[in-house]
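So that we are looking at the same thing, I have put the structure below in structure tokens.
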């Protein structure tokens, strides 16, 4: 049960403001989700570079010298930029698999929030305004982003239980609603070798999309099949390297408002989240249809 | 005309002020500025006043309205005019889910489109939509009239009781126990009045009427679920 | 008659424990009619209950209080979190929501009379507020249900508290039913329905789903009522830890938790008997949720579902509840299922104590009916007097126990004042099995 915000910029002039616009939208959704908050920001990828957003509850200790150790293990340059409990590791794109393996053996306590070339995910327990401030989200530039405020239903209020969930390289998912068959699906996905770390229903949905895509589906196809395989109530917003998508369950009880202008496409669980966007008075505002997959791409 | 700045003075003050207006109030005109999608704007009113909300609203604008006219100069969030008893609510833009839910009376006019579950469990309200309505509209609708100048989404009038539904455009699908019914002269007359009240530029003859087949009214082996 | 067995010993006929006579009868009934069984009341199956708990009492290590002379308070204040006017009750036993429609007008009046005499509240139901009920109830809780039958802002403002019903113990996840026999002219008019139909209520509210939307709904209700009255949120015994947590997060002043023994006017038997948890298993989980949020005693907890005696009341309080609600027990006090109507119960194919076809509206006691002739059998003044007597006895019983445990207020009863006589009850109530310091699932122990 939650609040979702999303912003996809068409106008490059707004890119320096992506973080501040999203932060304002996120904080407006505090009532819907006071337990934890998270934000996924897509920035311009640097050719030949890939990155991991990592998190540790003992950041000072775990991040100290981590870049150097990874660098020597991989024989390639690795940089680490720390933000509070999170850090972004930058490394050559052709070393993505090795970097992740090396990280797991060198720093097993460090958790990966996101992987890709343009995506960074920051999420923690606490009020949205505090979470956004910890990571200085409002200073971030980017092309598009998704934010989430969580009111936990059944699973624990933890960093790993916060949204967004990273589904595949440069892909992430947030959810508002409550699934009703995620326990069986979790068992099935675990048997398929998909990694699932929490009891959270949304993580199962994210893992489901990851698995479908691993089996050859496109993200669009995976979302289409989620309408059949996931039971319960959901509004999903997914982020990809070049855009974002929205899908609601066939009953579509959980709210969703979209707004589009020449400058952006925006998503909010409530219209309130959109009121400070530039030119909102002139925007086309509508609600996505149930059981329909929408995508906006650059 | 009184102007009330919601952003500056707050929701509690707004509703307390509007609810305190008596039948014989002289302050009959109110402009609410800076609504900014706020919830529960102008709820529980009970006086013949005219409230203009100068922008879009959040959930439950004009909830449980009696007597008052509430005019939203923007779009309305979920549950606009829910459980309205009397009076008039006009939405210049679109209305989100559950518009006019469980309304007992009065008139709700939506000049744009209404989303899903428009008129769910309506109990006597008249709802007039200039545009389209979403899925599951008029679910378990008990009485009153729903007029749609555009198209209706899936499962229109599912488990309908005695509400009358008039749709000019297409109906994506009818819900359980909802059927098309003959448009008789008394329905055309009723519809003409509703269209005039709603300020719709449409002719009654262009509409089809839908209502309950009344096959679910009593438990039977074939319809138990 | 010729002896076909030729005198050889025979196996005696053995009835199956799986295919019992009553199961077989139900299979035959289903095969003949093609429709599920609908009935009133709560779960009839045997489940671990308050009878499986005992109070330890006082002796040398603890000192008891004298009956009558030494104080043992029973008052409770409900709705202290947000409401300007919390509800003050003399006793922690309230009357649960039962609709006008399910019950006759005079029966509703009697509940109001009895509750008012005893200094407690009564509650409307899925059919709106009637003048006789409001008039005779000093404290009236107005239910806000998915159907919204009879809902209007004037009655909302006449209420002393609002109870948003998300679910009830007899059928968590289900909506209400009221069958045609009871949809009289007045009931039909109040609910805005055609007379004589079999009415089904929706299972979800029409204009919100989930705690994030519920929070906004509570804001609207508070704005309409000027933040004066408490808002209760009622849930069935489904996932009490999560449901209590979310009710509090959504903004409840009071959480009402109804176990599976809680009654209903009418629903499918399969729902009553197979969905929901016994109240004994729910209370500690709800209290744990409140404690984890730092809200125990800040948001009050009312529990219900099979409460019959002052001992049950005291046990609920000891497990952490602030008050209880009774429904079925109140109807029995009014005269429901009284053996004096035995011959009439027999004509309906049942017997006193087992009568549960409340949905048919043929109640010989004139309580669960809309039939004017049957209703005449019930005197609301006498009914109110009986209910008051019963509430007084329950209160005295609870006080007797509390004093024996050395408590000057019922609220000071604690889980540590209890033991369990069965493993099941020990596990569910999280109190030690009698004679041990252990219960199944106790942290730090293995089973």
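Brief remarks on what is shown
In this document, chain identifiers A, B and C correspond to the written order of the chains, with residue numbering beginning at 1 in each.
In the analysis below, a contact is a pair of C-beta atoms (placed from the backbone, for glycine too) under 8 Å apart; a residue touches a chain by one contact, two chains touch by 3 or more.
Just so we're clear, the structure is a prediction, and the values are computed from it rather than from any experiment.
At the far end from chain A, in terms of centres built from Cα atoms, lies C. Of the two chain pairs considered here, B-C and A-C, the higher C-beta contact count falls to B-C. Computed centre separation for the pair chain B/chain C is 36 angstrom, with centres defined by C-alpha atoms. Between the Cα centres of chain A and chain C there is a gap of 44 Å. Among the residues of chain B, those in touch with two or more other chains are 39, 58-59, 78, 97.
Residue numbers of chain A whose C-beta contacts span two or more other chains: 253, 255. Counting only residues that touch two or more partner chains, chain C has 213, 216. By the touch rule above, chain A contacts chain C in their complex via residues 1-3, 31-34, 151, 153-154, 176-178, 233, 253-255, 269. In the complex of the two chains, the chain B residues touching chain C come out as 11-12, 15-16, 19, 39-40, 43-44, 46, 58-60, 63-64, 66, 78-79, 82-83, 85, 97-98, 101-102, 104, 117, 120-121, 123-124, 139-140, 142-143, 159, 161-162, 217-221, 224. Those residues of chain A lying in contact with chain B across their complex are 251-253, 255, 257, 270-275, 281, 285-287, 289-290. On chain C, the positions that touch chain A within their shared complex are 204, 209-213, 215-216, 239, 242, 246, 249. Against chain A, in their complex, chain B makes its touches with residues 36-39, 55-59, 75, 77-78, 93-94, 96-97, 113, 115-116, 134-136, 153.
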